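Can you keep this structure in mind? I'll have questions shortly.
In order of appearance the chains are A, B and C, and numbering begins at 1 in each one.
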Amino acid sequence: MSLFEKPAHVLHDMLQKKEISSVELTKDVLARIDAVEPQVGAYLTLTRDAALAQAEAADKKIAAGEDVAFLEGIPGAIKDNICTKGVKTTCASKILDNFVPPYDATVMTKVKAESPVLLGKTNLDEFAMGGSTENSAYHVTHNPWNTKCVPGGSSGGSAAAVASGTAIWALGTDTGGSIRQPASFCGVVGLKPTYGRVSRYGIVAYASSLDQVGPLARDVTDAANVLNVISGLDEMDSTSSPSPVPDFTKALREDVKGLKIGLPKEYFTDGMDPEVEKAVKDAIEQYRSMGAEIVEISLPHTKYAISTYYLIAPAEAATNLQRYDGVSYGARVDGADLVEMMTNTRTEKFGEEVKRRIMIGNYALSAGYYDAYYLKALKVRTLIQQDYTEAFQKVDVIMCPTAPTPAYEIGSMISDPLQMYLQDICTVPLNLAGLPGISLPCGRSSKGMPIGLQIIGKALDEETILRAAYTYEQSQNYHNEMAKLGGEQA
Amino acid sequence: MKVTKKDLENVAVLSRLRVPEDKQETYIQQMDAILTYMDNLSEVDTENVKPTTYALPMSNVFREDEVKPSLDREAALSNAPLKENGYFKVPKVLED
Amino acid sequence: MNYEAVIGLEIHCELKTKTKIFCGCATGFGADQNTHVCPVCLGLPGVLPTINKRVVEFAIKAGLATNCEINKYSKFDRKNYYYPDLPKNWQTSQYDLPICEHGWVDIDTSEGKKRVRLTRIHMEEDAGKLVHSGTTIKDSISSDVDYNRTGVPLLEIVSEPDMHTAEEARVYMEKIKAIMEYIDVSNCRMEEGNLRADVNVSIRPEGSDQLGTRTEMKNINSFKSLEDAINYEIERQTEVLEDGGHVVQETRTFDPARGITLSMRSKENAHDYRYMPEPDLPPIITSDETIEKYRSELPELPDARRARYEKDYGLSDYDAGIITSTRAMAEYYDAVVATGADPKLAANWIMGDLSKNLNEEAIDITKSPVDAKRLGDMILLIMKDTISGKIAKKVFKEMWTNPEAPEKIVKDKGLVQITDTSAIEPAVDAAIAANPKAVEEYKGGKKKALGALVGQVMKATKGKANPQMVNKMLVEKLK
């Protein structure tokens, strides 16, 4: 087994025991990048030289006998909508083609305090708007399990990097499923923390009341460890939670006896791929056999979640993206006067999906439509939240598929935006309710594509979903299997 | 059709976007399909329901009135498409 | 037909906090361009605002000082419009749940007292500044942007359309300025743009209770401009109506140099602000305890101080109104009275010679060359009959350029009043001897003739004789 195939917690132990060096590990991952990145296309920016320098620095610290932080010396990747001081942050948009932030996102400050090796910035749907990474203005990212398929999105680059061994761990962001769905498509673990658990400062805003940062990882243990690093109250983010942050690794116990698992009937209906349904139901049976109690529940407003999400998110996005106007940063396309310059810049530099969402958002906010669309959506959001509050009086966690289908072929969906939006049905309700959710592999389709199980928890109760996920993971072998690329032998 | 050409034009101005003539029809159709789907919200009785703006219930998150260092001007202007004498430069402003 | 004007004001008041409303950048005026900026106020991708606690405190205090109700639940909203001085292309402001609502202030006009209602007070961020390459925006081929002012905290104080003359509007704005100074939330330096007003004006036939179409003049930054703009607009609208035309609802600019307002062309739907709640800022929930705490920290406000001066010092309502019209003057007055000076004399000297000199030299009362202590000491000399009121004017004039204590000035300049009868008597006798005609007339019953004799004595003593004493001695001698 090559180093790039191992999870971070194993590599961390090896580094600590000085069995390997960070430079050795980093070179192994860079070699993997050379080998498979041309087929996968997970990265927008690679920072090889800086990565090697960071590896050397980490080795020096470890040699000096200093305590080894979890991420110390371990190569990871950062989604390109997370601001990195001095390193280009494009959001996969031409409008930020040359944008170099003069500051670090709070998660970057926390991550850098661990002295990790940062390999670069990963691809995404432009401004995190999409579920396939096809909306990147730069290139398409391919699913490592089948390069004809999408990796999911919007954190498709981060998921594909972790799945293909071109990063050991990665950070993504999740506004409507953008961590969990690509994790599901690429067969890795993806965790969206409770809204407020992780600071959003420095995360390029898509929809402010829905965005969260979280890990994409090889296994549940790595996800818990990365969550430990990035969580916590931040004075720069007024919506970050003051609740104390537990040590999430303490939740990594094989124990689901008496755990009450809710199965929402609304998530197992039309449009669901039978193979996905079977894999998820098998996983639930596995839980039952391990001592969990399965309870059928109802989340009656689920069918309104797509409408609610696709009004609120674009409305917030329409205002959040107003700042890209060619005035003080980003691309500028000249015009005779200011209005023309702004209009030219935005028209030429935003991609189609971004423009569509901005226009839907402005439509929903504009005079005459505000009450019927935007305000109505805010009210239905309340009802969706209430559904969960009621359900969680009966159960400890809720389980359902992460996505209604496995990864689909590149280009098969892109021309029908509404069809694309409807794919998000399993993931967006959590964001509307602010709840934590994790996706972990629970099967393969007949074509060999990964299938994800989603576990939803109560607000600020990431521990229970981590425990449930860990228990299932240890009963299976999916986390030890990596995608084979470029004619690699199974 | 819910979405008219005039709606599209209005929304394009609000969005500071220009929709080329040959793409207008596609845009109208896609927006119309999406907004028509969203009409399912009208089935929901929200008579006595309060809107939710924030994902979690929080309030009174304040910062003390203490000065923190500003950016160097160099860094502040580092991403400017056009700058001069420490200013960001923009083309002719027509009042509107 | 006679028309009545209906006037409402939106006053923008910059708060004197150390830092901006949503970030830790300093608020100082006059810094080099783009040096008080950070990722947050530049609106860089990824940044989030944080609320300056002091701004909320100041807003609540402003509300309490203007008799507003404080909303227990208040929130920020995004007001969306594109302008290069607004880096995010929205202004973070308050829409449907402002921090304060339903207040009022009383104003004094030449036609008496009047109450002006406040609709609301809300918090918002100021915009940056555009420097145009040409002399005006219209002939500039480009503009330079300075974001130092971006995010400086503002209160927007919105009145009901309760005013009907330019004078009322001016007095109202003066009152708001005084209150903001009293509660110490703003420097209120109009020349620095700390206080500026958007003014709405409409006219209607006298006696009508319907509102006419209004026009708005933005960013008026002096009391004179405020009155000029309103008077011009009333005249213009009256002419339009008298010519059978209609007033167009629009924003107009006021040109202070020419004293006229000019139409600015408005684009259709340019002002659909698409307000939406600011998801990055949790709401502000204000408890009764907080409100009472801030209330207890308020200083005595102008109206209360005025009432106290009338009651305790016997000042007239008019005089008390003038003395309390600014916090600085009231504090000066208190300091003069604290020396033991007679409160009425103190008021007269402040409103008289002191104000006259300050106005002539455009000096702020806080920087007066004659400070409160010295004025008080001088008034004490009058009270002790060391100098007469007339001599005091000379002393005051000397004090304006001479920093010595008044007592020393009086001594050095030999201005001490003569109260020794033996010193005055020769002059009294001389005056009687030299003015037989006046003596005759006085004795013939023409009491006024005595004045001429007193004048002679005062002249002979170079004004130093105590006039009451001279009077008394003359009356004795002419019995």
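Quick note on the criterion: a residue touches a chain if its C-beta (ideal position, glycine included) is under 8 Å from a C-beta of that chain, and two chains touch if they have at least 3 such contacts.
All of these numbers come straight from a predicted model, not from anything done at the bench.
Peer 1: Average the CA atoms of each chain to get its centre, and name the chain whose centre is farthest from that of chain B.
Peer 2: C
Peer 1: Which one chain sits nearest the middle, judging by mean Cα positions?
Peer 2: The most central chain, going by mean C-alpha position, is B.
Peer 1: Whole-Å distance, chain B centre to chain C centre, using C-alpha means?
Peer 2: 40
Peer 1: Calculate how many whole Å lie between the centre of chain A and the centre of chain B, each centre taken as the average of the chain's C-alpha atoms.
Peer 2: 23
Peer 1: If you average the Cα atoms of chain A and of chain C to get two centres, how far apart are those centres in Å?
Peer 2: The computed centroid separation for chain A versus chain C comes out at 57 Å.
Peer 1: Name the residues of chain A that each touch 2 or more other chains.
Peer 2: Within chain A, the residues that touch at least two other chains are 99, 102, 209, 235, 238-239, 318, 322, 325, 327-329, 338-339, 342, 362, 366.
Peer 1: Could you list the positions in chain C whose residues touch two or more of the other chains?
Peer 2: Touching at least two other chains: 39, 42, 50-51, 82, 84, 143, 145, 147, 272, 274, 279, 281-282.
Peer 1: Give me the residues of chain B that touch two or more other chains.
Peer 2: 10, 14, 16, 53-54, 58, 61, 63, 71, 76, 88, 90-93, 96, in rising order.
Peer 1: Would you pull the chain B residues touching chain C in the complex into a rising list?
Peer 2: Result: residues 10, 13-14, 16, 53-54, 58-71, 73, 76-77, 84-93, 95-96 of chain B touch chain C.
Peer 1: Of all residues in chain A, which touch chain C in the complex?
Peer 2: 82-83, 89, 91, 96, 99, 101-103, 105, 200-205, 208-209, 235-239, 315-316, 318-319, 322-323, 325, 327-329, 338-339, 342, 362, 365-367, 370, 374
Peer 1: For chain C, which residues count as touching chain B in their complex?
Peer 2: Its residues touching chain B are 17-19, 23-26, 32-39, 42, 50-56, 75, 82, 84, 130-132, 137, 140-147, 264-267, 269-270, 272, 274, 277, 279, 281-285.
Peer 1: Can you tell me which positions in chain B touch chain A when the two form their complex?
Peer 2: Touching chain A: residues 3, 7-8, 10-12, 14-18, 27, 30-31, 33-35, 37-38, 40-42, 44, 46, 49-56, 58, 61, 63, 71, 75-76, 78-82, 88, 90-94, 96 of chain B.
Peer 1: Which stretch or stretches of chain A touch chain B in the complex?
Peer 2: 98-100, 102, 194-196, 209-210, 235, 238-239, 241, 301, 303-304, 306-308, 310-311, 318, 322, 325-332, 334-344, 346-347, 350, 355-356, 358-360, 362-363, 366, 372-373, 375-383, 385, 417-418, 421, 431-434, 459
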